[in-house]
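In what comes next, subunit A is part of two complexes: it sits with subunit B in the first one and with subunit C in the second one.
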Partner chain A sequence: MKERELRGLIGKVKAGKLSRRGFVQAMMAVGIGAPAAGQILLSSGVAMAQPASTYKPTKRGGGGPLKLLWWQGPTLLNPHFAVGTKDQDGSRLFYEPLAAWDPEGNLKPKLAAEIPTKENGGLSADGMSVTWKLKQGVTWHDGKPFTADDVVFNWEYAKDPATAAYTIASYQDVMVEKVDQYTVRVKFKKATPFWADAFVGTRGMLIPKHLFADFIGAKSRDAPTNLKPVGTGPYMFKDFKPGDLVTGVMNPNYHQANKPYFDSVEMKGGGDAVSAARAVLQTGEFDFAWNLQVEDEILSRLEKGGKGRVSVTPGGNIEFFLMNTTDPWTEVDGERSSLKTKHPTLSDPEVRKAMALLVDNKSIQDHIYGRTGPATRNFLYGPPRFDSKNNPIEFNIDKANDILEKAGWKKGSDGIRAKDGKKLKFVYQTSINQPRQKTQAIIKQAAQKAGIDIELKSVTASVFFSSDVANPDTYTKFYSDLEMYTTTMGQPDPGTHMLQFVSWEAATKANKWQGRNITRWQSPEADKLYRETEVELDPVKRAALFIKMNDLAIQNQIVLGIVQRPTVSAMTAKLNARISGWDNNTSDLSDWFKDA
Partner chain B sequence: MQVHRVSRQYVIRKLLIMIPSLLGISIVLFSLLAMAPGDPFDELATNPAVPPEVRAALRAKFGLDDPVWMRYWHWLIALLQGDWGFSFVSRMDVSTLIMQRLPVTLVVIGASQILAIAVAIPVGVLAATRPYSLFDQIANTFAFIGFSLPTFFTGLVLILVFSIQLDWLPFVYRADISATGWEFYWEHIKQSIMPVTVLGLFQGAALVRFVRSSVLDVIRLDYVTTARSKGIGERKVITRHVVRNALIPVVTLVALQMPIVFSGAVVTEQIFRVPGIGSLLITSMLSNDTPVVMGVTFVSACLVVIFNLIADILYGWLDPRIAYR
Partner chain C sequence: MAGSTPASLTAEAPATAGTAPAAKRQNFSPWQEAWRRFRRHKMALFSAIALAVILFAVLFGPFIWRVPINEIDFAAKLQGPSWSHPLGTDDLGQDLLARLIYGGRISIAVGVAAMVVAIFFGLLVGSVAGMASGRVDAALMWVTDLFLSLPQLPLLLLVIYLFREPVKGVLGVEGGAFVLIVAVIGGTRWMSAARLVRAQFLSLREKEFVEAARALGASRLRQVTQHILPNALGPVIVVATIDIAAAIIAESTLSFLGLGFPSDVPTWGSVLRDAKDYLDIAPHWALFPGSLIFITVLAINFIGDGLRDALDPRRVL
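Our next item is the complex of A and B:
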């Protein structure tokens, strides 16, 4: 569907000539899913129909205890320090942001009275500010009122480098001012298309000013409330043993009627993912288990008992395949894979094309990941509005052979193709993790049939993913020809995610290999597209730019998506819990309940 | 008894020797941890949303940028003042973290040690008094099976049978049981049965072999024959004369095993999610939380050294033939 047609349809909805449902159906007909269609309408100024609440309980409490099993327990409970998912999930039992991301990548108000839009005056036309109206009558667990001062304080707290908050990036470049007791305005330095960062989702959880005001900056680590959270959330803090247990009791003054349903909550840590799945699916000792990195085959077997079910929540995390654009085997100025070099064989686009044809996404999904890893060629696939339809999965050994043959890469006596004395021999590295080693084997086998020799290398995860400047085996150094890992996408906006393809983010010695562009691809075209996304305020056009950028990287075979890595959790049969791939597992905890 | 045989001088000398050896241990531990790859704030470095300044500020705040010898010096001075350090990961005192875990460790590991001794001594003695009898054969077979099977295997088997097939026992250990009164104790016992059994039988199996061979050594000695020929009943000969002497090396062995009660059992704790010191140690290692690792390992080292001394003293006390000078 062309952009103009789309705009025509949106216009009709606005004018009342076309119903929302009619619009969604028209979009479905051309392959755009309902959530994406809803988002297009919302961002075009048509208010979104809030999904009918599925929350059934008619009174607060009475649900007994809710038992959560995290196989790595939370180790700290200040959301501004919570780097690990486990810590964020634990903090979220007690703390809330202004708005949370729902499973479709849309905003759901928590401490905000409403989601800012252009229509309600929340978003300025020039994209320079966003005004949040706060919910009134909300109190902290200790009875003090929640006001705009608390929101402003969180900005002051997080933006101070001496506080060393991990949330700093969301706050340091904005200005936050109090408009009145229940209104705050976030001002940007330049027009900002993605405005829902500060005070939203994982990095937006709010801590009370009256308990943290004395512990801003260098004294931040001494705040007693770091270990005894006082928030606005559905549960109030009871006890905390780092790495083992967090417990809470129902907040009798919670700001949403009839919520929460459970009388108490406990989050137990420790152990391993398989036995966590067992404790929910097989014995029912626990109600919910988190992040089950377990083979689908095992999960399906455990599910057969009927005590619980596995829930797979799509997000944006992607297991992907990278081809080095620089030469990992030549050292220049003390670094390999230097920007001053070119890869000796992978710089030939025909070799890349052939290599891409040898990645068998379908088999990798079928034989390794199952439900926990749907195949995709895209690097950017979620939320659905960013998913490009232009990159079909193609696995074809004959075609790869054909391309290489035509490009002059001839098989030698050892069966390995070579040209001008350069052989197609690659080192392919990843971290030690069983599914990854199986994936490596599948790709190696296919490559062999096309006359490409692949040497497999696997590095301990703690080394591979470390930022150790002295270690040559980290994924950011990429001292090999091919590489594979999962990159996470924490927010439904691809801004950070797509830094993978901009020239100025190349990981080099100069930036201690902290750059986000691991393949070191230098593409003026991709740079230009990214610069445009930074100023494009129209969400529809912006999404198109990101899709184009994704296509550019995939079609130049810089990277290839292998499988999506959705969030996999287990819950007992009666539990109703909506998990969002764009926010913490516990982001919607207030709405969890069990069927009677 | 003749306590004076272990001279006070000897104990004081031993205690003085402990100081340099503990210092040495702490230096080795500290430098090993400092040399090990990994950084407690690694997670920050790989997180695109965290600017490098935050990590730099944290490193400075926790003194990670100082040279190793200086960090060691700070650590040592603080330790002498009773400060165990501050966890990077949990942002709380290491001593608080250890104290939170200690009760569970003492109960679970302590109970398993008691179980091990309670099983090993009677079985070992009985097996030795009737060597190569059917009972001895069976006891030996089980002892071999017991210490050949790793705890992660027996643990899983128990879980499969008692939690999943029979649904009798929970396999997730919870330190906070909300019940009160009898139910509280019952719940605690129920969840401890499997970890205690796994650990107790594993340690007990090795101990059975040890007790048996020790009793066999003694039972052949002349004084036992003399005692028998005096007309003392077999039962009394065994309990009063044989076991008493045979247990001397066993006591030493048990004393040397005591530090394990503190350091916990990493594997078993992981399987049953027992929040003991062992699981604290392993999670701290995985997250490069060096102050906690240092705290736990150093306490273990101290206990090993101290219990070595206690074993020495006990040995001299139990066996007057050994003289210390």
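Our next item is the complex of A and C:
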């Protein structure tokens, strides 16, 4: 999709010919997340939609207890230290940001009085600052008023490297100043088209100055309130057993009328995804269960009981298939998959082409993921509607055989193709997770029919995704030929996602395998495109450059999308809860209610 | 327990003579004697037949049932037993009978091999410690305690990370996994056998019949192999059969952690693990591997029980 087409799409949205949701979906299909897509629209003068509230209760409380099941329970409740989703979701029961992302990438004001726009003077014309007006009359759970001082404090707290906050990336490059008691201004060092990062969403939850002021910097971990949150949210803290249980009671002074609906909230940890799904869908012990990485077959059967339903919310997670460009079996200077090597067989583009033809996205969706994993044949190519090249991924064993035969890879007596004494034998690794092992089995079988022998390797998730430098089995080391895992494109800025295609980000021993380019693909063309995006201010042009870069990676068969991994949760039949794929599961907790 | 009966063979004889008329006694060789005793243990006999059937099936099954173990057929997924799939299919439509036959070979082989490793080391360490006493005994028991106190899981991780690649290079993927798993399970389970053997040896070597042998000038090796070991074997056999069962289960734990066989190699444990989430949708999938493990483990235990009775030299019919 070129810039011109992108502008055409935006024009259609303006003219009302294309829905906002349609545009966001089109953007997601080419690797641009909903928040960024929303910002593109906003900068082009399409205001953010404010969906009509569906909240029905007419009085606060009276809904009884709300029972949430997080099969990994939160271990701490300070949003600035909350690395894992479970901790962020737990903190979100009590803390709120200025604004939250809704499922369509709209900003919804929480502690802000309104969303900044060019029209209301919130956004400066040069993109150098954004001014937030705060909601007045909001109090912390202990009765102290919420003011601009609190907001400025959060910036000071998070940007201090000694505090060691996980949110530091959102705060270290901005300046925050108090304009008056209920107005703050965020200033950027350079023009920033994507302004909604600090104080927004997951990384934007605000903690009170009067309780944390003494614990800024090195003492940050000693604050008693790290485990006993005092926030502005719909529920007030009652009790916390790390990893096991968080409880809260209704906040009688919540700043939105008639909210919240439930008298108390309880977030229980422990168990696994399947038993969590059962607890909601089959036995009805809990009202809501999070992150159900379970085969759709099981979920559908559980749903038939009628006690609950499964909610599938699109987000930015994509299950990926990666092909190594370097040689994982030769050690050079103390590392395998070194940039100084070339993969003995996968460096042949014909082999890559054949491999791409052997990934049966459709069967993987139909028989493993179902609703919880729509096939993404379009993801990296752009939807056929918008993509002039219209170059969909196809699954075709005969064609793969044909390509390999023509390229000189002949079958040996063992049925495995070889050329110049090099056999097409690959090791294919991923983390341990039932659907993934099944995906492996499907791809292995297709490859077998094309004369490619694949050895399956599965690694415990905690090892596979760890950043342990000493461990050879992490996904960033990529000491295998093929690999599969889920990557998030949920980051506010697609730039982070695209770093996986630039040469200087290659994961190597030198950067302790922290680089984001896992396949170690070296392409001057992709590098050039990325450099262009860094100086491009127009979000539309920038998005077009990213899309081009993405296409480049796909045409070279560096990575392949397999399925999308939307946010999957289970809720009881009566519960009304909007889950956003771009923010925490509990981001909209104040608006949850049950039908009578 | 045999070892706890201090009486010698002659001392027990008068008691049994009353029940079995001396006139009918024939002379049997020791093995015939053992077989006679084993036959009397009805459950053991029945178990031996059941185990023989299972062994026959996993050894010769693939020549009769020629369906491939990894043929994916989505049209037939999660089907119950039928003529084309006698034990039904799993969620990828793979034939369960073929997978269980193949998996049985691995599971039983792992169980037996790991047991042999564990009992071999247990007997070696236990008998040396029990006979030597003094410093050697103390040192060996320290080693045993050391192994007992080692946290098993981190040790497994370490061993497998260190040796997986080299072993795989020599023996291939499945062969390498087999050797490693057997070594790891056997190598971490010999301690209880060693303690048991040592305790048996300590008590037996002071018995009159051993003293008599010693007085007659029997060498140490002869005392051990001819007199003490046969008497100590009863409890060891029971431990060995329990070890087979534990090894079959330990193998599935390892597969669960991704440290065992590759995920596409079916073993009884891994088929059962894959099936557990589908228990209410496709019970047959979990039922068959589950019953096979159950039957095998139970049968081995009964056979062990029968063998103990049969091989106990102090027991007379």
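Just so we're on the same page, the second predicted complex is superposed on the first by the 522 of 596 C-alpha atoms of A that agree within 3 Å, B and C clash if a C-alpha of one lies under 4 Å from a C-alpha of the other, contacts with A are read in each partner's own complex, and residues count from 1 in each chain.
Assume a residue touches a chain if its C-beta (ideal position, glycine included) is under 8 Å from a C-beta of that chain, and two chains touch if they have at least 3 such contacts.
Just so it is clear, the model here is predicted, and its values are computed rather than measured.
Engineer: More residues of subunit A in touch with subunit C or with subunit B?
Structural biologist: B
Engineer: Between subunit B (first) and subunit C (second), which does A:Asp239 come into contact with in this model arrangement: first, second, both, or neither?
Structural biologist: Once the two structures are laid over each other on A, A:Asp239 reaches subunit B alone.
Engineer: Is A:Val294 touching anything from subunit B or subunit C once the two structures are fitted on A? First, second, both or neither.
Structural biologist: second
Engineer: A:Thr283 in the overlay: touching subunit B, subunit C, both, or neither? Say first, second, both or neither.
Structural biologist: After superposition on chain A, A:Thr283 lies in contact with subunit B alone.
Engineer: Now for A:Gly270: first (subunit B), second (subunit C), both, or neither, which partner does it touch?
Structural biologist: first
Engineer: Once the two structures are superposed, pull the subunit A residues common to the subunit B and subunit C interfaces.
Structural biologist: 471.
Engineer: Along subunit A, where are the residues that touch subunit C in the complex?
Structural biologist: Residues 274, 294-295, 297-298, 301, 363, 366-367, 432, 434, 437-438, 440-442, 444-445, 455-460, 471-473 of subunit A touch subunit C in their complex.
Engineer: Which bits of subunit B are touching subunit A when the two form their complex?
Structural biologist: Spelled out, the residues of subunit B in touch with subunit A are 37-39, 42-54, 57-58, 61, 86-87, 89-92, 97, 100-101, 159, 163-164, 167, 170-172, 174-176, 178, 269-273, 275, 279-280, 283, 286-287.
Engineer: Residues of subunit C touching subunit A in their complex?
Structural biologist: 70, 72, 74, 77-78, 91-92, 161, 173, 256-258, 262-264, 274, 277-278, 280-281
Engineer: Across the complex, what residues on subunit A touch subunit B?
Structural biologist: For this pair, the touching residues of subunit A are 65, 69, 72-73, 75-76, 78, 81, 83-84, 161-162, 164-166, 168-170, 172, 203, 218, 221, 226-227, 239, 241-245, 247, 264, 266, 268-272, 275, 278-279, 282-283, 285-286, 462-463, 465-468, 471, 490, 496, 499, 512, 514, 516.
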